[in-house]
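The following blocks contain the structures, represented as structure tokens.
One chain, chain A, appears in both complexes that follow, with chain B as partner in the first and chain C in the second.
So, the complex of A and B:
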């Protein structure tokens, strides 16, 4: 199994498209850094202007910690796209390329092939998250320095002390990883049914957008659906910056995220191990 | 010794019956030809052998072992090339082989890969990305891939598709070489002439069923020839044959063409008999070529 995981990782990391994700993250993060470096203070002044009457804000608001928080918002749309770009192709790309029929007739079982691919996808997703973390937190601190962090949330303004932030990012990135693993499993699931590379990426992104829109709209009908939407729980990392941290809420959301991951992976496995390979 | 036994293999795709109780057997060291028109079930058969397709019913035994229960062990002894040679086009030929060697249960040395590259004539181009390869070069790489795990049985589905005449000759020599090394080869091809030259035994399938099978000697030898005799007039033909030894060997007359299944040394006797009966003979021909056998059998079953 380890040998096959190594093979799948080798395929991912020798494929040019795999680097597009890393490159895109690098470009987006650098752009955000540059934008915030040049005009971030004005932007924040505008954001916090509504609180001027209630609070007396002194000191530096634009810190590396806040920049990392802003960058983490990418998790909602951009990061899923980058994850789906590779994981959505991992089975369907081989089906359309004809290499799946070479692999499926080899002595290793389809389950071995399937899980080696899935684990390789998980590792790739982890690398993307780590890369995002390094760029967001480390580069943010390098450019903007450390400091207390003010987070504007729907419920109000949360102020976190400098020494109380880094561990929250640690957990936030772990949660982000599992959220993106859910996306990877969704793309992977669709990939096991599709026979071209584009369909799984398009369907995955379509589902994310639909689910996000439903989750955002304040319509009574949708209120019943929101708790079961996976996108509702993918943004639970934000709660790591609440005071106190709502652990129970986070654990419930993570359980739902993991349940979805298992469901999508299970469906994909069931289909992949039984399907006729005709391509 | 039988290396492959296929019993009552059936597969249906929705309403289409791709395989219908197919039976055949391949002996060790043979080159076995699988023939049939498009959609006859050749590729489905080969895919079933490799577990790419799950048959609805039937048994497949390789090396006297059931494929379902001994898949891992069996497929480690099988090399195959199904349809066109597809690879990871962004990788070099060497890296493709290196990568695919990891799917074998045996440890495949780097030296083996280098030797195979040389054997198929890709030395010097092994570090080029496969996307730069011509079809012929990909086919060579496909053959190298087939031999990676030093298989006992090799399955080749239409291996000469898209090859130029030189490539076809080289492929033929390559397959003979495999046979001389003691390997068993199952080969499907549309080029009947190739199968005729290569195969020791063959099966013709149509609509998922075996139409005929046997050794080349049995199918194309001088026994059981399909003889056609063109006559001037068909009057009283049936009466002339009644109560003679030819009656049971007579298949009928179409467009002044009488048809018999007889042995080669009987032809002269038959011609003599017909002459005695005052039947004017315009021509005598007998089938010998695989193409004729193939056409007659597949057309009959298509009718």
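So, the complex of A and C:
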């Protein structure tokens, strides 16, 4: 099994598209850092104008902690796409390339092949999240220094003290990893049905966009649908920056995220272990 | 003849009231004018609706006439009408005219209530101060044109010098914060009923500042007001 995982990781390593995600994250994060370094204060003055009208605010606002938070918020839409690029291709890409049949002919069970691919996808997702964490938090601290963090909410503002933030990022990245693993499992599931690599990526992104739009629109009809949309629960990492942290809400959302992950992976496994591999 | 007597009585009473008010201000300034600068440690507790912020420690720097700064390692929110404004109002005898109102009991002490009426165009629409027999300002109400009214209630202890309090409670009007979810990027949140960032719903917030380790007239450098 370990050998199979190694082989799958090597395949990911050798594919140029695997680096698109890392490159895209690097470019986006660097652009945000540069933009914030040059004109971040004006941006923040606009964002927090509601509060500055009523109060004299003193202290350092433009901190590495806040910049990392802004970066995470901005990458809510992009990160799933970057994950789907690789994970949506991992089975269907081999099917279209004709190597899946060769692989299935090796003395490994279908389940072993399936889970080695899935674990390789999970490792790739983990690497993306860690890379994002290094660039957003570590580089943010290096450029802007540490300090308190102001989190804007629809009903007010939460100010987190400097020493009370890094552990929240730790949990937020764990939640982000499991949320992206859900996307990986969705793309993986569609990939197990598809015969080309584009279809799973397009369908996955389409589903994410539709779910996000439904989740954003405040139409009474959609209010019943929102709790079952996976995108509703994927952005629960933001709640780690509430005070106090709504652990129950987070645990419920994480349970739903993990349930969806198991469901998509289960469907994919059921289909993959029974399908006729003709290409 | 009766009208003349009434007019003269009114004139004399006005002069007496004005003199009473000026005497109260003199009593205050007798303490406060001895302060050219001060710095002290401050512990600040916040209780502001819509603003979830923890208490913080810092150092307050003040220099006559109106240089004021709280330095700390974190973010601090203070109402636009801060307690330091009282010192500036009292020191500025050309911009405000004191008018004696009544005697009132504040913090269990009989105080003279004096209204400071602005004589020139000023953001402060009115200020009312309550001064005890020692010349300590027990309470002040500052009404500004832009930010409503703030009530400053002071506490003094045996160590209090020059009329500076050991604790101040500032209560103030604030507008209820409403931020559109596209600005807060809370995609799952429900947009507030009025999407405007300002609604007419007013509420009250308070900030408690506890002062310790006062140092007066140490002639510290002005750089504390400008450095980062």
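Following the convention adopted for this analysis, the second predicted complex is superposed on the first by the 277 of 279 C-alpha atoms of A that agree within 3 Å, B and C clash if a C-alpha of one lies under 4 Å from a C-alpha of the other, contacts with A are read in each partner's own complex, and residues count from 1 in each chain.
Throughout what follows, a residue touches a chain if its C-beta (ideal position, glycine included) is under 8 Å from a C-beta of that chain, and two chains touch if they have at least 3 such contacts.
It should be emphasised that the depicted structure is a prediction, and the values quoted were computed from it without experimental measurement.
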For this session: Sticking to the clash and touch definitions up top, decide whether chain B and chain C on chain A clash or fit.
Result: fit
Problem set entry | First (chain B), second (chain C), both or neither touched by A:15 | first
Exercise. Looking at the overlay, does A:271 come into contact with chain B only (first), chain C only (second), both, or neither?
Worked result: neither
For this session: Report for A:104: first if it touches chain B alone, second if chain C alone, otherwise both or neither.
Result: first
Problem set entry | chain A: partner with more touched residues, chain B or chain C | C
Problem set entry | Which superposed partner A:6 touches (first chain B, second chain C, both, neither) | first
Problem set entry | Spatial angle chain C-chain A-chain B, Cα centroids [nearest 10 degrees] | 180
For this session: Go through the superposed model and pick first if A:60 touches only chain B, second if only chain C, both, or neither.
Result: second
Problem set entry | Which superposed partner A:141 touches (first chain B, second chain C, both, neither) | neither
For this session: Rounded to the nearest Å, state the minimum C-alpha distance from chain B to chain C in the superposed three-chain model.
Result: 41
Problem set entry | Partner chain A, residues of chain C touching it in the complex | 49-54, 56, 69-70, 72-80, 82, 147, 174-175, 177-181, 183-192, 197-198, 228
Problem set entry | Sites on chain A touched by chain C in the complex | 47, 49-51, 53-61, 73, 76, 147-148, 150, 152-159, 161-162, 164, 212, 215-216, 218, 226, 232, 235, 238, 243
Seminar exercise, completed: chain A residues touching chain B in their complex are 3-4, 6-7, 10-11, 14-16, 97-99, 101-109, 274, 276-278
Exercise. Mind pulling up the chain B residues that touch chain A in the complex?
Worked result: 47, 50-54, 71-73, 75-76, 78, 80, 82-84, 86-91, 95, 99-100, 102-105, 145
